[in-house]
């Protein structure tokens, strides 16, 4: 029997993996970076919370709906993104984070600064889900999303995405409809972030706009950048590492943002493919250590 | 009438601060096409250094040179050891590096100076000019006056000196400028130092203006500077200065008339996104680099 | 390889020690030691530590020493939930005292309640914290009471006829103002206008220029000391005549450090009466100043009291959660605290207490009056 405290850590790890993957999809497969992903998590969390609290919808319907709402805003951002160069797109996503928080705080429908409380615990077979079951649900969703992303990456969509990232002009000549695929990447990515938001809301049972500020976006970005933008492996391992490690090194907690910031600087300067990315010193080292090429074959994007 | 004049002064003071912070970032963008987010970290550094010098010597006159020297050095180091390595990469990489550095700097300041505001009181704050119901504080005069003087200095630097000429040449075409013997790396370093020194002065002025310095005081303005830059037409120094004053005045009058219908930053970012989508060259247009 | 790493992580997780020492009474505590509320968090921790010192110097609880286990909640709901799980399941504390604001306390309250761990909110003022929860108590003054007492004091003591409201947009700022908005007209105060501002705002000049035109007798301004300091200072710069009425959010030595002279004449409602004749209040104020060289604020006093209430309940009822909860709920006229007598806890677990009103003279809070009207102070 695992104590509930570890359920908590595992649940947060799962949520972080989803967020990190969501950045990975956008960055890895469309060459875009979002600096405001906490906004989509907020949209997912609020959609799910309001559906279950105000409209008494079941969690099992609210979660997909939250993904859908988040993806719709993502679609809008994707359309805007077509008009912007990548660095200005990045600061637009950052701006979106501030705007979404501002709207949640000021518009009269979202509980303002009080947030939304009394969010129901999801029901399963007519009973409230236990902590263990909830953790299992999170793990299952992570597995599902990883599988879906993996399948997309293997299929022709992934090919198009990589084309866009590597050489936009060539991809265009080869008949890839860039606009369509970029927007698709935004939709998938923001839907994943929406699911993560929904899981967060029904775990904490109480959310406020302040939970989803810009610092969270930076943390999400760090998870993905540290692991390596692009592959499934990178974001997943980055998220696991950065969620579990600080729990053991409590003293790091006070230096948390300093650590995140320096990690971003150092990784971007010296190891832009991330710690677990293709040809990073860690993967190369591990490869040499275990001697086999096949252990990490094919995963690196 | 008194209210209108007071708002005008408040808005102008705010605009002065925006202008001083934004110039450095705009100059960097003009030359290197890099969004230099860590610039806001330099600005906070200036405020903290100014406060330290003030505490040590007891005179605000020492706060300014301390901030100018310290920030110029920090600006140079940031360029030399950080941006220079990534300046030719895809623009996203220096942007993320800058954000990471700014985040780390903010946290380092918090660890060094504590997480709360520290008083930066020079004793003259409460004095001012009173005409009937119309009040101007000494602080507002100080901010607006120093900014005006510095902006004249910037204009002279850019338009009347050889360095300014070289700067404009580099900003327009790096390769050509290098071809005719302008040492671009030297120009870039100088550029960072100059912009950072201005940000340092802005830091001290803001500290004096609010009578307080806080390790996280850069957070709002780090990102708001983008708004000023975009409105001012990306890399255009004159445009940026005009945009800074317009934003300061607009914010003040909007809040005075309608209150906060959204937080300040959200309003500013909405403006920025609209401008980016509708007028990709900025409100001021982009006829020519300064 | 991924599996190997996951397995390694899980192995690490499972090997964490679950130590518990005998013949010590463990009381948990959390406060925002980092983040924007860190100044208050630090103050709260100092208050709680002082309480533990007093209790142990007094022979502990029935001969057993009290050990305080504390964590930083970073003023985040998420972190507060993790801390709650840790205190309950790893540290196995007998009870927990919160030295944090409403948001982290509100997030943690249902967890303590479901796990039957008695929990006391000392400065978290949100009414939802103890609502329908048998194990959660609130010795903080509930937000609307500040507003009610503020209105009463404005009319009775300051003889004000008109007011303008300046409202901070977070839960604390809007909830305290609700009380004022409802009560002010009943005391004949005309509310001229209401302005909102976002948490963390520094520049109030454009709003204050407007307020100067409205020309109210009093300015009801909700906020924490950072905002309050700027409001007081800029109001003086702009020559605003109205008396500023604040709440316990102003109650910090930082308020004076940041706004200096401009603080003189500001009136606040709080729970720490500097002029109190209660022996515990005097002892607390003196000892706190001796140890830390700064005057204690209401945050320190509240956390101090929270610890004392918890310890007292354990002393009288033992360490069973139900008995502790019952003992806290049945406390009457409890005088052994720094913030005046705790009169009684109501059915929801909220304390009723007198509300001292303090005025700033020479950059220090001094007693102005105390509100004892049950109509106003009953939650």
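By written order: A, B and C. Residues from 1 in each chain.
Note that a residue touches a chain if its C-beta (ideal position, glycine included) is under 8 Å from a C-beta of that chain, and two chains touch if they have at least 3 such contacts.
These numbers come from a predicted model, not from an experiment.
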### Query
Going by the stated contact rule, which chains contact chain A and chain C alike?
B
#### Entry: Of A-B and B-C, pair with higher C-beta contact tally
A-B
### Task
Could you pull out the chain whose C-alpha mean position is farthest off from that of chain B?
C
### Query
Using mean CA coordinates as chain centres, what's the chain B-chain C distance in Å?
38
### Query
In whole angstrom, how far does the Cα centroid of chain A sit from the Cα centroid of chain B?
33
### Summary
So chain A residues touching two or more other chains come to 105-106, 254
### Query
Among the residues of chain C, which are close enough to touch at least two other chains?
34, 169, 198
### Message
Among all residues of chain B, which ones touch two or more of the remaining chains?
### Response
260, 263
### Message
Help me check something: in the complex, which residues belonging to chain B touch chain A?
### Response
35, 82, 85-86, 89-93, 95-97, 99-108, 111, 223, 226, 230, 260-263, 265-267, 269-270, 272-273, 276-277, 280
### Query
In their shared complex, at which residues does chain C touch chain B?
34-36, 38-39, 169, 195-198, 200-203, 205-207, 209-210, 212-213, 226, 229-230, 233, 236-239, 254, 257-262
### Query
Okay, in this complex, where on chain A does chain B touch?
33, 35, 80, 83-88, 90-92, 94-96, 98-99, 101-103, 105-106, 214-215, 218, 221-222, 225, 254-258, 260-265, 268-269, 272
### Message
Quick check on the complex: what are the chain B residues that touch chain C?
### Response
2-3, 6-7, 10-11, 14, 110, 114-119, 121, 125-126, 128, 130, 133, 135, 137, 139, 210-212, 216, 220, 252-253, 255-256, 259-260, 263-264
### Message
Which stretch or stretches of chain C touch chain A in the complex?
### Response
1-2, 5-6, 9, 12-14, 16, 18, 33-34, 72, 74, 76-78, 81-82, 85-86, 88-90, 103, 106-107, 110, 126, 128, 169-171, 173-175, 198-199
